[in-house]
Structure formats: C-alpha cells, structure tokens
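Right, I'll just put the structure down here and ask away after.
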C-alpha cells in the first residue's frame, strides 16, 4: 500500500513545522502541506477572537467553539478528498482534545492509508523555543506539551529535544511506503 | 438555492485579497478563504523554482508545469469537498489560462452552486499598486491584467480602479443567496 | 539645499507604507525607510503588551509608556544620525500626540533639511482599508484619522482617499531638492 | 562600565535571531534589536537585485555593491548614535568580509562599550536548519559557516549546534555589565 497522508501531532513549539518543511525537501514526490495554522488563516479574522471561533488566552490557553468545530470538520473532509484525488498530503495538527481529536480525523479518513507521527519535545525546551520565536503570548508550549498526546496512538514517534528537524524527517521518510 | 462557493478571478494586484477579507468581515456566516497563494504555500519550496512546479520569471511572467497541474487538480477537488461538507468557501484565483482555467474548476464543481466574480482593475493602476506593495519582481500586474479574463463568464464583475475593496465586497454580498 | 529626510505623518491605514515603497521606487537615489512599525519590531516582544511599553487596546486605542518614550527618543537620534552621515531617509510615523510628536522629531533634527508630508485619508475609507487588511483589531484607522494632524505643520499634504499611492509619491518627489 | 551594545556575528541559519529574541526576553532592561535583515528591509526593493545593492545568487552566495556599502556605513553610524543616546542595542550581523566587517563596526563605535559575541554552528547542522526554515535558496548556511569568523575577535563565543538559544542567551547575559 502507498502512504497517502502523514499526520503529525505535537504541542506548540514542538518543531512540527520544521519537520514538515524537511519532509517536503527530502521526499522524492511533491507532498502538499496543510495544518492548523493554515486552517486558522483561512477563517475570518473576526473568528480569531470569538467564543464561537478560536480564543488564544493571555496565559497560552486555547479554546475553540461550535462554529470552529463545524468548519474544521468540513476542512478535514476536504484535506482527505485531496489525498483521495491523488495528492500526497502532510498535515500538522495540535490535538488539543487528545484521543478525541484523533477520532475526528479517523472519521474523515475512512480507510485512507495514513502514517501517524507523534512529535515530542521536553516541555522546558519547547517553552524556550517559544521565547526564541518571540511570540507575544508565552505558555502555549508548556500547557500543550503533554495533553495533546493523551490516548493518541502512533506508527512512529520522534523527539526534537535533542534531534534536528532534518534527522527526524529522514526517520519518518523511512516509514513511507 | 444557497451559494456554496464564491470564486473570484483577477490579475495580480487587482485587489482580490482585500475583497476576500472584506467579504469575510461583512458576510454574516463564517466563510473559509483559499486561493492560489495558499496553494503555492502548501507546495514544497523546491517546486517554486522548478519547471515541473511554478516559475516566476524576472519580467513578471508565470509558468507552471505538469506536477503543478496534477496537484492543483487534487487541491480543487478538496476545496470543493469542503463546500460539499457544509463549509461556505471563498476562492481567489488567477486564471492564467482564461477559459481553460475556469473549465478546470467547473470539472471539479459538478453542480455546486457557485457565484463567479470577475475582479477588474485598469492595468496602469494595478501596476502602480504592485509598486506600492514593494514586490521585487514587477510586471505581473500588467501582464495578467487582461488575459486572465479571456473567454471567462461571470455572474458579476467588480472594478477596483476607483472603488474600494469594502464597497466591492458589499456589492458581491448582495448576490449571495 | 538637499532634502536629507522625508517625514510622513498619517493615521493607521491612511496609506503611508504604500507611498514609502513608491517613493523608494521613483526617487533616483536609494533612500532608506524606517517608521513606527520597524521601531516597534525592534523592541522586546514583552514591551508590546506592557504599560511601560506600548498597548494596543481592543477598541483600536494605542497608549505608550515612559520606557517607550525613552527608547523612541534614542531611536529618533539614531535615525537622524544616519541622515547626517549621508544616507537619505524616509520616515513614516503616526503622531499620536499631534504637534507634541512633531516637536519630538524637531528636537532631534536640529536643522537637518526635512520635507514634512501629511498623509490624509477620509476616516470611513481608511476604516474600510483596515478591514481589507484583515487586522484583527479594528478601530485604529477611525480613531487616529484626525488627531494625528492636530497642530502639525507640513510642507505638503497628500490625500489617498481618491489618489493612488504612486501618484502621491510622484507629487512628493517633485518637492525633493 | 555599562555594556551599551551587544554585537552577534554568525553565518546564516546559525541561530542569531533566536538568541536575540531570548536576550530581549531575559535581560531586565529593554534592549532594541537591529540587524542585517532589518537593514535590508529598509533599502529600496530595487536594490535587492542590483549589482550596486545586494544580490543573492542561486547557489547561496551573497555579494554587495558600492551603494550598499555607503548606506550601510551611515546605518552603522545611526545604530551607534542610538546607543550613545542611551538605548541599549543588540545587533546581529553576518560578517561576510570577516575581520574587515568587524573593522567597519569599530570605526563607527569609537570607544563605545561593546560585547562581541561569535555565534557558531556546525555547517551541516546549520544547513539542515536552512532546510527546516523552507528558504527557497539553499547554500547560504554552508557557504557562510566559517568565513564570517575569519580573523574576528570575540569576548565570548556560543555554539548552537547542541545548545538551545535560550541557554546561549543566558550565558551571554552573564557577561553584560
């Protein structure tokens, strides 16, 4: 079977984006990359500070509402449809709901061949990288570090704490069929 | 019938992005926005300078290859699938192939209820706005201004030459059912 | 005398940045551009939400504290020193304090040959362009539109309400000696 | 004596920007940050592809012309003037000319109290991080890794190969008086 989609899950500042770009560079085929950031960019700006949409609290907490969930479900259907239509797809996501978030993807996937990848990073290191990125709101890295992995199963886990993005990407690439 | 998708077509610097953001602000429902820019961002960086991908020439010309077309077809299927799954979608595109580009969308749409919008801007004004944006490569605005509309049909056309984005958006909004 | 510096003042979304890029394109010499945005980017991220630094309120209001003012005074001295050292400089600023803001610049300028340019835009049009930019916080354009010009003198005023950035820039360029 | 300026030198993708943001976060006073990137942003867009300005070659090579050097000298004078006026300043630069680049800064500094910091990163690791950043042009990291340090003296060197930005910043902070 051919891997049609790679889904990476990890907390904020765990290094997902760097791994995605390295995967796009090292994999011989062209893979399209989507993720929670590009999904939020596609939403109306007014939903980024609405209880119905997504709220980023001053302490780094993130909460999402009913309209966000409805749009997200449709977006997942669309991303999966791209894979079904023949594009190879990499998704990076933050499973704020742990296993429940993974189940939302599985519902949309319906038998598509997916490689599930957990992206780990020690909480203190991720928090330091958040500072290095200069984000005005600190605290997301620490608060998401563990909860996003609760009850989630993976085909493969990588840890960016002491391993470069490119090395993680090469490891993942060996699991692509 | 309910409008499920709005597709805007216009040349570079014709003002599509501004209209899209205004539409997202004035329409009461939350609409997701995608376009050729977000599609190019989803591609591997290496395809942005490859004959198989997309090449931006020094004179403002843009050419795309076979791999680009294959990924684009899958991406169109996915965007349409999001609309079918219930999300309302705005797409802004540059129909480099004129009528042929519109036919590619129609093939994917298969009866979805779409509002087709042409975004016009006098070539000299679009070229001036390209300078104001500070893009390093000039010439895209002038070279795309007319060809993107050749043979394309619209439900509605707006012209940003002397009309603000927000006013154009409000006009478009009155055509949404 | 040779114009050593151009200082543009106008409210948020009045079109200053576009005019600056057009000036850099049409003026035969290379001019360096600095402004309140690049100054805020140079500050520590933590000052962008601190009473001592700069606070952007949810209603579009902006307030700055004592540390901001001290750093700004030193920054102004440095920008003027670049001009004295022979670089031609364009500054775009938002005179939140009106005449008092202009006096802060004059104190630093000490006889440098400056062209003062007021950038006007009808409040409603600027507010619409703010929506088109997709900023999450709306209200800055409307609240700054008039107050930034109170008591300020200019060599020249331009109005972007119905005039393109490039045309405004060409008008300004004719006043450069 | 009080440290008035910190100047970091290192090749592309060696991790300077992350260290700068961490320094701004951990140092108790507010420090302003400038660097070669913000300087290039201040230049006219047309100089970014001109022999007189700065040219980024497809192989990662960078060359600068006479107009670039003249503007840079004035910019250095201005940055130093900000420090003289009381702002504490962090500069990150890429000494393409090695010792000659450092001498250009020294000429402008004239006795200012500066902490010189070398930022090292193993060439292969920097090249990998360049891939992770998704830059379209690869090769800058490898080509600059060593030459930028030739003949340059430092008060302190840090190595980001196996040390996080925040840890490097804390080490640098202990050398600030």
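As written, the chain order gives the labels A, B, C and D, with residue 1 at the start of each chain.
Note that a contact is a pair of C-beta atoms (placed from the backbone, for glycine too) under 8 Å apart; a residue touches a chain by one contact, two chains touch by 3 or more.
Keep in mind the model is a prediction, meaning the values are calculated, not measured.
Trainee: Kindly point out which of C-D, A-C or A-D repeats the B-C interface, defined as over half of the contact pairs being the same residue numbers.
Mentor: A-D
Trainee: Could you work out which chain's C-alpha centre is the most distant one from the centre of chain C?
Mentor: A
Trainee: Calculate how many whole Å lie between the centre of chain A and the centre of chain B, each centre taken as the average of the chain's C-alpha atoms.
Mentor: Those two chain centres are 27 Å apart.
Trainee: Could you please state the distance in Å, as a whole number, between where the Cα atoms of chain A are centred and where those of chain D are centred?
Mentor: Here the centre of chain D sits 32 Å away from the centre of chain A.
Trainee: What is the distance in Å between the mean C-alpha positions of chain B and chain D?
Mentor: That pair's centroid distance is 39 Å.
Trainee: Which parts of chain C, given as residue numbers and ranges, touch two or more other chains?
Mentor: Residue numbers touching two or more other chains: 21, 24-25, 45-46, 134.
Trainee: Can you check the complex and tell me which residues of chain C touch chain A?
Mentor: Residues 45-46, 48-49, 134-136 of chain C touch chain A in their complex.
Trainee: Which residues, counting only chain A, touch chain B once they are in their complex?
Mentor: Spelled out, the residues of chain A in touch with chain B are 21, 24-25, 30-34, 38, 41-47, 52-53, 67, 70-71, 73-75, 77-87.
Trainee: Can you name the residues of chain B that touch chain C in the complex?
Mentor: Residues of chain B touching chain C: 17-19, 21-22, 24-25, 125, 128-129, 131-134, 162, 164-167.
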